[in-house]
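The data blocks that follow each hold one structure.
Both complexes shown next keep chain A, but they swap its partner, so chain B is in the first and chain C is in the second.
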Partner chain A sequence: MTNVPEPLSPMAAAPPDSPDESLLDIRGLTVAFPTRSGLAVAVNDVSLSVAAGETKGIVGESGSGKTMMCRAVLGLIPQPGAILAGEILWKGQDLVTASKRDMRRVRGSQIAMIFQDPASALDPVFTVGDQIAEPLRVHRNMSRKSAQKEAIDLLGHVGIPSARERSHSYPHELSGGMRQRAMIAIAIACRPDLILADEPTTNLDVTIQDQILGLLSDLQREFGMAIVLVSHDLGVVAQNADDVAVMYAGYAVESAPTKLLFSSTRHPYTAGLIKALPTVNIDAQRTMLSPIPGQPPALDHLGSGCPFAPRCQYSAERCLQVDMSLVRVADQHDTACPFALEVMSGDG
Partner chain B sequence: MATRQELVLTGARALRRQVDRQRRWSSATLWTGVAIIGIAVVAGVFTSFLAPSPPNQQNLLAAFQAPSGSHLFGTDAYGRDVFSRTLYAIHVDLIFGIVGTYVPMVIGMVLGAIAGFYRGWRDSLIMRLADVTIALPFIVLVLAIVAIVGPGLKGVYIGIIVVSWALYARLTRAEMLVLREQQFMMASRALGYSTPRILFRHALPHLIRPNLVFSMADIVLNILVLASLSFLGVGVQPPTPELGAIVADGQQYLLTAWWITTLPGLVLVFIGVGFSLIGDGLADRFGRRLELPR
Partner chain C sequence: MAEDVLTIESLNKRFRLDRSLGAWLHRAPARTVTAVDDVSLSVPRGHVLGIVGESGCGKTTLARCVVRLVEPDGGQVRLDGQDLLALSRAQLRAVRKRVQLVFQDPYTSLNPRLTIGAAIAEAARVHQIVDRAGERGYVLEMLELVGLSSEFYDRLPRALSGGQRQRAVIARALAVKPEVLIADEAVSALDVSIQAQILNLLRRLTDELGLATLFIAHQLAVIANISDSVAVMYLGQIVEHGSTREIFRSPQHPYTRALLAAHPEPDPDRRRTEPAVRGDIPSPLDLPNGCRFHTRCPHAQDKCLTPPPVVDLGEGHQARCVVLPYAEGRVAPATPPPDADR
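Right, the complex of A and B next:
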């Protein structure tokens, strides 16, 4: 048990900009899994708020805790794992302590989730039409007929041609892009206020990826939904999100409006991610990518201090004392690296 | 001169024929089984129209008559028409086979699904109970229960339901353990569906296929259990016609009047083969081999 989460102060992070306008307000969320070698803290004291209608990007490598954070919002942490601390305020109601019944009312109708792999997230034994109609029947008490009609409308809405015929298709009869469209149709069926999009385009071709992201932002504009866009691809997030939170080893290491994050990066990890982005440049014949050296740490063996220190070019003795709480460096711009201003002043 | 297009078309046609052949073979298995069971079901349902005489009508003057135009399967020691008795027996056996299979199947599926879905104490309780049931030899356990309830069809029904749910529970639980890790199961929770809805509406369609395939083998097994118990004298009581009982009655005359045992026995074999063929055909169609849970 090397890694017991530090004592939590709910307001360790910068206070939410204005609490009344945020739809979802995660405060000091800590999610952990017991493992043979100790407690793996998948999400460590993360605070995050999403305002109505905005797109929040969450970026991080695999295992950085971004997926677990989304699941925590819906109360879907897989079995031995648990939320150890923190609040998830949804329109003022704490979802961590909410009853199963209240939780069911939120799931699917107010907060919907889009999964990474539509091939496995769609039920293979039901037609897509049935699967879109089902949340409407459950949450909106619609009759079978009107739910089916609405399902066909929704299919058309997400850009599936000849929606009526397609609504009788089974998931395996659709292409990957079509499946993800169907998945989106299911998610928006009940007009949720928030969509958690967990790597929605990771398994798709780049061209399809753009279409799906475009579709999401069209729907967002139309229905005024907020979107939490989770991705390991900084490029995807940069194009689509208003604000970005960067996660590393369960911590939120930097959080800023997208422009600010790129123009004045304030965490060495974010800087590393940006440098590792491939660029298409015909003139420069071969630009080498500069990857971040090393591997992310094992979550059950986190030492004290900054978990990124072993891979950080600026790392020093003092990094072992860093407590990973976010420090405000500019308006709406927080970083977990207290030395960022000092060591990274030349960057950006 | 074959053009490129013609070559492609010929290839496509050959491919198509091959696929069709495979499909036809698995269909042939299935439909042969369906035809045999169809005949048995017709015989079982319209027994009273088809049977030339009542099953228990004795005619001691006409005892031990060999099969002929008036007695298709001959007559037995009491001069009863074996063909009529066989038809009535099919009625009894089919109903037993179906009820004795599908009632335990439903019980086993529900319990197995609950065990696999919730895990924890429910799983331990249900599966240990199933283990105990499966640990004892099937027919011995049924025999013991029949001995408690008293001989007769009712006892066998109770015995078979008490015992054979366990295999379905095991089969279903194993499927459920795989199923619950599937992403669409989490997706259905993320959509705010209630647990009963997820269990019965979303999980069940995935669980029913292997159970259905297994049930075809089980029907045969259960009919044979009834026949065996009747043969042993604790199943269907005389003079009620039942295939096993008829076979048992005739065996002492096997050398002199072979038809009393052989012909109803063959009918039993045909019914067994029919269900097995349906089971195989379904397994092919579902793309999965029949695996017995042990």
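Right, the complex of A and C next:
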């Protein structure tokens, strides 16, 4: 997190007196939902920071808490969930305690979100042009006319052909890939410093996914914004993120620069995920995959210690005492498994 | 190679769309969607044939045509030499148990009010595999086969996770002792750690029971892992077909290469070799002339505007492309292209 260039964007206004270089600094965030059988902790004491201009990957399977963490940043935790503890520092300001008014000023303007399913995230009764113009009118006080004009420019910018005509289209008239491009146009409309992309390509075909991820990285290069890329797909993260945090059952279990995460894995869950993945490299393909045995735990029935222990090949008595805080094993490389260096020394 | 259990020959399916009132009044011709276009494939015993393609390429319609859940317009589907398309409904019922399907969504494939044991027993009973007395023992045997313990017998589907449900669905399919198993995106909805369990299970069952398995998926890596041979579909056609090794080592159709290039490998050091393909998949309502991929193809030439023949590359490897196999010397340029009707 050193030598990160200042964002080039005209709207970027990072305060120079910011205590450190990170744009977003999540500290000890805990998000929980009451259920009939107890409290389900969706995000459990997670700390994570995002520097200006970087791409932070968050990878995990369903129910690992990656989506809830993103939503927490924008104050979008669905009822009856709530943030129980922690701070979300945005340029030094805590968003957890921020007023609704302050939150509105940040949301959509400085931090934008791209959702997994553009078909339901876009409003079906407004044209995409209107929906791109809306944040411009709200946050940048543009006139209707200039906002419409800017919306057309943005549509062209995200690679939608004949943008002027398309700005009059309703979401249902666009293909899945085009809808996701329109959603990206909304997200970048106010030149945010950070985009939270929650599974932005999960419902798209692989050739379209490739186009969308390419577009996001082009836009990032152009505007210098940071991206939090949430995905269940280790491949997507490997190809696009600078740093990766791996989540399991609400905990961040490993965090490292992308190359390091794959070359010297330091958590048994991450190692298990990598080994369970099939590959298109036919010469490296194993005939039988090594699945992780068992199922992820229910979030309202987490026992003490490491939640991965029941599925872990290295698990032992002592794993029940693990407190899941991250320990540093190498420069910028953290793991929640205190025994990783000892048990996994031969791996990776 | 073992004899083919399932043979599909020149299978076709077009769907006519309903006309709007306006179109009807103007006597506009009904529009048709070409879902499956002249598809020929065969699967021997103990063999997994992978079918890969993006949404709308016709892979699911193909699976449904094989068991006549959708009636094909033409072609043949032969099971041990018997043409399924020529059978009456009553005859078809007897044959159907020999071909079983597993769908993507195990949540909607199981009756929520039947226990897992009852669901599997029902399938076996309907097809007279076991009598009442032997039922419970048989079901427990099936559960064990797919790696579920006997405690699942009395559970309802809602008490099972996605991976466990998919195992239960596979157990039900196998309970009628099929020869052909069709898995349509059977692992697509599962998390990676669970997906690997189901892939291993399907591979093991295919080998142990000598099934002929048609495995349909959109994820290339999954196909590469489980399949013995692969067919790549694009807009209703098979554009490339061959052994898994051939298809992934030396793909000869630009679309196969595009899929491979776009596939995100979990390897941060990988560098891409092919440019990203442009544009969206064309609508199957309005197919491009000539090669269906030419609108997005980085190698497209003028000759691609006429429908390309299937080019034979030897050892069962075929590609529907007149550019790459010649450009890369896989086929001698002097070889006259094979019959365009193929």
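Everything below uses one rule, namely that the second predicted complex is superposed on the first by the 323 of 348 C-alpha atoms of A that agree within 3 Å, B and C clash if a C-alpha of one lies under 4 Å from a C-alpha of the other, contacts with A are read in each partner's own complex, and residues count from 1 in each chain.
Convention: a contact is a pair of C-beta atoms (placed from the backbone, for glycine too) under 8 Å apart; a residue touches a chain by one contact, two chains touch by 3 or more.
Quantities reported herein were computed from a predicted structural model and do not represent experimental measurements.
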Notebook entry, point to check: When the two structures are laid over each other on chain A, do chain B and chain C clash or fit?
Noted result: clash
Check: A:Leu122 contacts which: chain B (first), chain C (second), both, neither?
Finding: first
Notebook entry, point to check: Of the partners chain B and chain C, which touch A:His139 in the superposed model: first, second, both, neither?
Noted result: first
Check: Touching A:Asp153 in the superposition: chain B (first), chain C (second), both, neither?
Finding: neither
Check: Taking the superposition as given, does A:Glu87 touch the first partner, chain B, the second, chain C, both, or neither?
Finding: neither
Note to self: A:Asp102 in the overlay: touching chain B, chain C, both, or neither? Say first, second, both or neither.
What the structure shows: neither
Checklist line | Residues of chain A touched, compared between chain B and chain C (which is higher) | finding: C
Next item on the list: For A:Asp233, decide between first (touching chain B), second (touching chain C), both and neither.
Entry: second
Check: Taking the two structures together, which residues of chain A meet both chain B and chain C?
Finding: none
Notebook entry, point to check: Which chain A residues qualify as touching chain B in the complex?
Noted result: 74, 76, 103-109, 112-113, 115, 117, 120-126, 134-135, 138-139, 186
Next item on the list: Report the residues of chain B in contact with chain A in the complex, numbered from low to high.
Entry: 182-184, 186-194, 197, 202, 205-206
Margin query: With touch defined as at the start, can you tell me which chain A residues reach chain C in the complex?
Written below: 61-62, 175, 177-178, 205-211, 213-214, 232-236, 238-240, 258-259, 262, 272-274, 276-283, 285-293, 295-296, 311
Check: Okay, in this complex, where on chain C does chain A touch?
Finding: 54-55, 161, 163-164, 191-197, 199-200, 203, 218-222, 224-226, 244-245, 248-249, 258-270, 276-278, 280-281, 296
